[in-house]
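Shared chain: subunit A. Partners: subunit B in the first complex, subunit C in the second.
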Partner chain A sequence: MNDEVSRSSKPPTRLRNAALPEVEEAQSSSVLLGGVSTSDGIDTYDGAHRSQFYELGQKLLEESMDPDQLLIAPATSMHELRGEYTGAPSFVAQIDSLMNQGYTQIVRTKGDGNCFYRALAYAHLSSLIDSPNLVFSAKAVIESGSRMMEYNYMDADIISTFCEPLMELVDAIGSSDPSKRLTRDRLLSAFLDQETSNYIITYLRLLTTAQIQSASDDYAGFLFNDSGDQMLPGEFCRQYVDPLGREADHVQVAALCRALKLHVKIAYLDGHSRDGQVHFQEITSPGDGKIKPLILLYRPGHYDVLIKTN
Partner chain B sequence: MNSKGSSSATALRRLMTEYKQLTSGGSPDDMFTAGPISESDFFTWEAFIRGPRDTPFEDGIFVAKLTFPQDYPLSPFKMRFDPPLFHPNIYPDGNVCISILHTPGDDPTMYEQASERWSPVQSVEKVILSVISMLAEPNLESGANIDCCKLYREDKAEYERLVRESIRQQLGV
Partner chain C sequence: MTSISSRRLRKELNEIQAEGCPTGITLLSADNFESWFFSIEILGESLYQGEVFKLMFRFDSNYPISAPAVQFVVDQDSTAPVHPHVYSNGHICASILGNEWSPVLSVSAVCVTLQSMLASCKSKERPVDNDRYVRYAPDNPKKTRFHYDDD
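Presenting the complex of A and B:
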């Protein structure tokens, strides 16, 4: 699995568990862990104190628990996000640095435990709208994903039920009929529809499970429960991948990007840099060719989509 | 934000598939049967469950009502024994409290994070098999009937006697 995570030669760690045995280098793990758990030196960063991080974490938590929050929101300016972090100079510096690099908009997802899957699916389809020439290969990848699920003894009826809404959207991208062609607005309304949105997420979850089970040797060393005990792949997927609302940690992120053959860059907005530098974690897959990477924004415990405008 | 019509259409299709599979395959060792109460409503099922052998439930046949939501299988169904069963994980009103019938965000009795949760690849069959093993081995960590939990912990023999007696009453023998 190391070859997929190009920034680091150390094995991927689960994002939210401080107690994992493989977290050994404080320096690199604090980046990977997004500041959730390795508390080394938190008090020294940019005058931000533990209480402040706590406060920001609470804010994000409250925001994510808001039942009225949309599943996904139309793109908004990064200025808005910046406004929410006044009083946290290290975050503001990172947001400024992102804006200077051209990342000026953000598509926010609901913090319901499905945010990684929803953000990734939206970013993927959105990039296909920009590059319809890639639709054919994207479809082939999804179809082979469904076959991988069947090899893993998933019920064919169940797979096709959950695959359909995703395939319909992908098909609509290349539609020659303008009244059916998928636009960004239509993509957004599809993702706002509870059923369509959650069926797509379920499909991606099942695909993640199939990937972890088919290449279980690659993942077996990284599957732990909340108490840090190692789990069998099947058991891990039943508990931490399949159920809607279970957050994705590093293993799920790596497995899904691999199954979809995606090139993904995740910007870590974690306040852990004096000079506003933002670390990007890059995930490449053997078959991703030279496609433009999808960009996600990670704040401890939450994923959104970043949009670059030039 | 909602598409109730199409949602229940997907749910209906899934329920019909599950029913077909249950009737053609049957349950392992004939431990249970389940199906819609009436053909006009596929969202309400009845299950007949045989008490697992070598447990105080062994002579009983238990009836449970399964109620499916419109967005099944994204959300789990509810299961209620009627009449209620005396068991640590069954509420006095008969509702079954088991982690597999709850989503990760829904934690009525603070199940451990690691407990198995509902996911759309679960099914009526898998849930009922879990409930049958729950009958044999109660989970005292997440009790639903506090009196029953207490009795189970403090006087298991008396608990078993009460269960057997209630089964005899139900059978009318």
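Presenting the complex of A and C:
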């Protein structure tokens, strides 16, 4: 695989919190064939931090199960996030370090298993609002993505249905009519709308699948199921990319950034560094030019958008 | 029902009416965009030779983002096939109706998957927890969090 992301030595821990079908009345109706499996996905790092990570994992898990949590929230100060980690000095140190580097705001996404896709889409469109001169090439990239899907035998009607809401937003960025032009507020309300938001995510999932299948030689060595067995690309995509709510792992992240020709930096807020240093994973794609990178914040099991204000 | 959802169902229905259902599947009724009924049988060698079952699809306004609720109809005329993943109340434990549902799947695709699930059955048995499940099962199978086996 060409993308830099694949060389990372250590896979992030995963909180398998969201691959659950919609459950209402969970208590009364969760009759299972093999027992409830909500706790086995909470990974831990080294023993010293075990309880702390367990707690943080629980927090994210609860967040993700909260049906009232917004799909995406307006930007808030990193001070707020810092306040949530007061019991975890290694995290606080990393948050301080991010704030010192100018990353003072965060756009939080719902922990519903779609957070990577939602965060990336929001960050991408948001950066296009700042650089409308890039709209034309961004559109061309999406259009060629749709063609790549067609080559992979996806139904053209289905592709266009899911592409439409994304294209409408991209088009609105470049609109000459100020009343139609996409502002950050309008972008946020589009992403808060269940239908628009989830259609965009579905499109990005299909695009990820198309990328993995079109360049399957690059990805074949990295496709594993939960038990660590190697999978064929088609089967992997059917199980781990296409379904809404399936979290994105390294492969999906790399494939989607490549398909959209994005330059992405992911800050790892993982409590790992003693001096509060934050490791950034940089994903570059051929053809991303010298565009400003999109910045995401990764906490074990979850992605949000980071905003640099100075 | 939202426009995207009904547009999608309209398209699927048009295709079914124009091109027909997959072999062994027949559309019984699709009078609205809330519930559709199909008959389903397994052609060729299988444990279900000569048996015809009735499938009910229920759609909510988030279809196809959210999966349809699919079950076998159990009433005075029809029963649920005896199968390790099919409960006697008609509920089906199949991952594509739950955490492996994808919006690119369709009603026809679900029918074909269920057909092959029945066709590959090696012994006619109910799920081990059938009685317990059926006693407490919700009306809508989508409210059940099934644990999917590999097969």
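Assume the second predicted complex is superposed on the first by the 262 of 310 C-alpha atoms of A that agree within 3 Å, B and C clash if a C-alpha of one lies under 4 Å from a C-alpha of the other, contacts with A are read in each partner's own complex, and residues count from 1 in each chain.
By definition in this document, a residue touches a chain if its C-beta (ideal position, glycine included) is under 8 Å from a C-beta of that chain, and two chains touch if they have at least 3 such contacts.
The shown structure was predicted, so the numbers you read here are calculated from the model rather than taken from an experiment.
**Student:** After superposition on the shared chain, which partner residues are touched by A:243: those of subunit B (first), subunit C (second), both, or neither?
**Tutor:** It touches subunit B and subunit C both.
**Student:** Examine A:222 and indicate which partner it touches, taking first as subunit B and second as subunit C; both and neither are also allowed.
**Tutor:** A:222: touches no partner chain.
**Student:** Decide which partner touches more residues of subunit A, taking subunit B and subunit C as the two options.
**Tutor:** Looking at subunit B versus subunit C, the one contacting more residues of subunit A is C.
**Student:** What is the contact status of A:117 with respect to subunit B (first) and subunit C (second): first, second, both, or neither?
**Tutor:** After superposing on A, A:117 lies clear of both subunit B and subunit C.
**Student:** Between subunit B (first) and subunit C (second), which, if any, makes contact with A:191: first, second, both or neither?
**Tutor:** After superposition on chain A, A:191 lies in contact with neither partner.
**Student:** Between subunit B and subunit C, which residues of subunit A are contacted by each of them?
**Tutor:** Looking at subunit A, the two contact sets intersect at 154-155, 157-158, 161-162, 194-195, 198-199, 202, 205-206, 238-239, 242-246.
**Student:** Which part of subunit B faces subunit A closely enough to touch in the complex?
**Tutor:** Per the touch definition, subunit B meets subunit A at residues 1-3, 6-7, 10, 13-14, 17, 71, 74, 103-105, 113-121.
**Student:** Help me check something: in the complex, which residues belonging to subunit A touch subunit C?
**Tutor:** Touching subunit C: residues 19-26, 28-37, 154-155, 157-158, 161-162, 194-195, 198-199, 202, 205-206, 238-239, 242-246 of subunit A.
**Student:** Can you name the residues of subunit C that touch subunit A in the complex?
**Tutor:** Listed in rising order, the residues are 2, 4, 7-8, 11, 62, 65-67, 93, 98-104, 127-129, 132-133, 136-138, 142-147, 149.
**Student:** Provide the residue numbers of subunit A that touch subunit B in the complex, in ascending order.
**Tutor:** Residue positions touching the partner: 71, 112-113, 154-155, 157-158, 161-162, 192-196, 198-199, 202, 205-206, 225-227, 238-239, 242-246.
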